[in-house]
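Both of the next two complexes hold subunit A, though its partner changes from subunit B to subunit C.
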Partner chain A sequence: MNILELRDVSYTYNRGTPFEELALDSVSVGFEKGKITGIIGHTGSGKSTLTHLLNGLEKPSSGDVLLCGESIWEEPKKIAQIRFRIGLVMQYPEYQLFDETVRADIGFGPRNMGLDEDEIARRVDEAARFAGIAPELMDKSPFDLSGGQKRRAAIAGVLAMRPEILVLDEPAAGLDPRGRTEILGGLRDYQRSRNATILLVSHSMEDMARYCDNIVVMNQGRIYVTGTVSEVFARSEELQSVGLNVPEIARIANGLIRRGIPLSGDLYTVEGVRRAILSYVKGECEC
Partner chain B sequence: MLKDITFGQYFPGQSLLHRLDPRTKILLSLIFIVILFVAKTPIAFLLMILLTAVFVEMSKIPFGTIFKGIRAVLILLLFTAAINLFLTKGQGTPLLEFWVIKIYAEGIWRAVIMAVRVVLLILISGLFLTYTTTPIALTDGIESLLSPLKKIRIPVHEFAMMITIALRFIPTLIEETDRVISAQKARGADFSSGGLIKRARALIPILVPLLVSSIKHAEDLATAMECRCYRGGDGRTRMVKLTYRTRDFLMLLFVLAIGASVFVLNHYIPILLPDLYYF
Partner chain C sequence: MSEFIRAEDLSFAYEEDAPKVHPALDRISLSVDSGEYVAVLGHNGSGKSTFAKLLNVILTPSDGRLYVDGKEITPDFSDEETVFDVRRRVGMIFQNPDNQLVATIVEEDVAFGPENLGLPREEIRRRVDMALDAVGMREFAHHAPHHLSGGQKQRIAIAGVLAMKPACMVFDESTAMLDPRGRSEVMSAIEKMNREENITVLHITHYMDEAARADRVIVINDGKIFMDGTPKEVFSRVDELRSVGLEVPQGTELLHALRADGFELPADLIRPDECIDCLAEYLEKHSKNGGASV
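Let's look at the complex of A and B:
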């Protein structure tokens, strides 16, 4: 079931000026409840615009954004309520930190929801755990943290609102490999424990292969391909034609298949390809 | 939303006005303003209106764009006109008398003349200094014109550099403000309800990140400048050197000639209002 859906959505920047620019061109796409959907595309393909539309920061020039089948712009005054249900973590979110302590900053969202202090404290601790923030950092000033810790604090600030749907724009950009796995792993834990839906914008095909269930490929303001991870990565030529790549390991697997070695199964993570090759080699030996 | 604030109204083009040296354009604007306030005869005003029209035509800038500048000061314009109209005491009998309001012929003239002056002033300075000159060229021009002040140890170059940097960062800051506002809105921040104090408090989540990033920008820029051995104005050469050309001299000569004739006209033609300056 699609919990969030775009129906024929177009969006134009600077409408009516000489700088008019069509960012999204009649996009229709649905996102399944309880899944992690990756959104990939070249720079300028409309990914970030899409994230802003999903959470009601921008209003589509035409078309509708549907949450559980109802337009989020049905009652424009209630858009703030929608934003609590659809959490958005923007690109380089550490910009948004402002409060005196990390704890207070993470609590900003829940406080805006009008929750009582006990509930806020509970949610802040929970969000900090998912984002991997050490307890001793909670009473420090957010400006004293390192870059990676700031990123975690900013993500926790959105997790603390316990959104049903979480939209993240490059949450791991510019982090070291360990930071990446910890943050993305924490997000997956959140998604599993709350049966939440996650939309993940990323440039890293490896991350996509590892964490996502479905993938949406965007190109020049349109949806190019959608499908499950294996469906999308099987079409590596098409992806390359729009300047995208499949994970390195998937390229190796596809190359082996082209050379007449029949591999099957999950062919886009290192572990999956290893298993496929091993079972192929075993099959050869038994003959 | 903030992106709608168009900053720097520079309108790219190749007209004579665009190609004039920025220093010429600053001087021309100043001379023009002086002429506007020296002029007293109707023929001088007609001449100035004509000249402005010619400059506007020459610049090839759409009329609507230029008149946006006037719209911004429309209230001020109406206000000065009204004050002149109602508060001027003429010598003859009032043209119109109603309760405490008396309108004299002099009042009408004065209101019209003030309006013409303000409109022309805005049109000309806008045309010369903003529509046909990039902000960077303008600060270069100011620096060059003020450079004699270096003799008395006023750091002209540093001031000009500060203005240039400030101008350059305005679009960056607008973009960042937009981003921070979006991020805080996504966390449910509400900027538009509640009383004055609540609204002022709602700005903290925007102002703090902006302040932090401004300081960071300043630090980064200072480091970048030092890496390229910036040491202030002494001995610094320029990539684009300002040079006066024949067209600059011709233009200055032309406008000065007009100024002189306006001044001479004041003495030979009956002037509009003898007491135009006393209010």
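Let's look at the complex of A and C:
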């Protein structure tokens, strides 16, 4: 079931000026409930514009955004309620930290929802846990944290609103491998424990293969391809033609298949290819 | 080959670090020759960028000695002319190309550096054309930089540094924000400069597949040198790298996992094509023998 859907959405920046630019061109796409969907595409393909439309930060120039089948713009005055349900984490969210302590900063969202203090405290602690923020950091100023810790605090601020849908634009950009794993793993834990839906924009094909169920590929303001991770990464040449790629491990698996080693299954993660090779060898033994 | 960078017991502490146990850089010693292509790895906060900033005199050492292109960078290195000299020899490219572009037309942006060197007009023209050619962006000379893709913008930033004719270029996570094509464009530009212009390259990155392409990999951890060797030497030490929060290229990781499953595979293969060759050969041999020994 699609919890969130764009129906024939177009978006033009600077409409009616000489700088008019069509960023999204008749986009129709649905996002499945309880899944992690990756959004990939070259720079300027419309990914970030798409994320802004999804939680009502921008209004489509034409077309509609549907949450559980109903337009989010049905009653424009209620758009704030929609934004509590669809959380958006923009690129470099650490620049948006502002409060005196990490705890207060994470609590800003739930406080705006009008929750009581006990509930706010509960949500703040839970969000900090998912984002991997150590308890001793909670009473520090967010500006005294390292870059990676700031990023986590900013993500926790959105998690604390317990959104049903979480839209994240490059949440792991610029982090080292361990930082990437911890942040993306924490988001997956949140998604599983709350049966939430996650939409993840990233340039890392390896991360996409590891964490996503489905992938949406964008090219020049349009949807190029959608499907499961295996369906999309099976189209290696088409992806390259639009400036993307498949994970390095998938190129290795494809190379082995071309050399006459019949591998099958998940060939997009290291663990998947390892299992495929083991089952190939086992099959050979039994022959 | 002559030595371009030499650090002896080099330390650097940010002032606010004072009460902390270890400084950002803690008595590191190393030397980099002219024309070397070095990748620098390390987790966030390991001291990689601090090292890069010392080379360009954005920071000066707290302790120890640092020589760049034969000049010693001292803690009170403040003589404007010498600072200017070193900066002209060592160019830096940062993560976000948008922060490095200054003009509204590509060729004016590239000309910014040479103009500040006070060069004659014809020489500036020559250098701008040379630099744009080197990064494959000549046809965009009259475009507005903000309409280019991330990889194109980053190549304009590289051309701006190239036009200063540097001896060394430091890339501080310059591919982190780019899409796959942008990354591959920038990597090609970096490697071309190293190969054809013999420019010394220090490439700081979190992408292990990029580091695998360098001649040498230096791993910095908690302000100290943790490993220093060829990509094969460094990436074959999978468990040690993981212990400091790093990874290895996916092919190396696959072979590592299969070795744990009992396959007799080498530890020092890092490029995808060599991993494919080795695995294909191994699997063919074992299927012909009916899969014995695994």
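As a working rule, the second predicted complex is superposed on the first by the 284 of 287 C-alpha atoms of A that agree within 3 Å, B and C clash if a C-alpha of one lies under 4 Å from a C-alpha of the other, contacts with A are read in each partner's own complex, and residues count from 1 in each chain.
The rule we apply is simple: a contact is a pair of C-beta atoms (placed from the backbone, for glycine too) under 8 Å apart; a residue touches a chain by one contact, two chains touch by 3 or more.
Note that the structure is predicted; figures quoted are calculated from it, not measured.
In the model built by aligning both structures on subunit A, subunit B fits alongside subunit C without clashing. Contacts of A:158 after superposition on the shared chain: subunit B is touched, whereas subunit C is not. Once the two complexes are laid on top of each other via chain A, the angle at subunit A between subunit B and subunit C, using C-alpha centres, comes to 70°, given in steps of 10.
Of the two partner chains placed by the overlay, neither subunit B nor subunit C lies in contact with A:193.
Legend: residue contacts after superposition of the two complexes on their common chain; A:62 is shown touching neither subunit B nor subunit C.
By the touch criterion defined above, A:273 lies against subunit C but remains apart from subunit B after alignment on the C-alpha atoms of chain A.
Of the two partner chains, subunit B is the only one touched by A:143; subunit C is not.
When the two structures are aligned on the shared chain, A:80 is found in touch with subunit B, with no touch to subunit C.
Greater residue coverage of subunit A by touch, when subunit B is weighed against subunit C, goes to C.
With both structures placed on the common chain, the touch criterion links A:176 to subunit C but leaves subunit B unconnected.
When the two structures are aligned on the shared chain, A:113 is found in touch with subunit B, with no touch to subunit C. Minimum Cα-Cα distance between subunit B and subunit C in the superposed model: 5 Å. On subunit A, the surface touched by subunit B in one complex and the surface touched by subunit C in the other have no residue in common. On subunit A, the positions that touch subunit C within their shared complex are 41-44, 146-148, 173-179, 203, 205-206, 243-245, 247-249, 251-252, 255-256, 259-261, 270-271, 273-274, 277-278, 280-282, 284-285, 287. If you check the complex, the residues on subunit C that touch subunit A are 42-45, 95, 149-151, 173, 176-183, 206, 208-209, 245-247, 249-251, 253-254, 257-258, 261, 272-273, 275-276, 279-280, 283-284, 286-287, 290-291, 294.
Those residues of subunit A lying in contact with subunit B across their complex are 14, 52, 55, 57, 80, 83-84, 87-88, 90, 93, 95-99, 108-109, 112-113, 143, 157-158, 161. Those residues of subunit B whose C-beta lies close enough to touch subunit A in the complex are 3, 176, 179-180, 182-190, 204-206, 208-209, 212-213.
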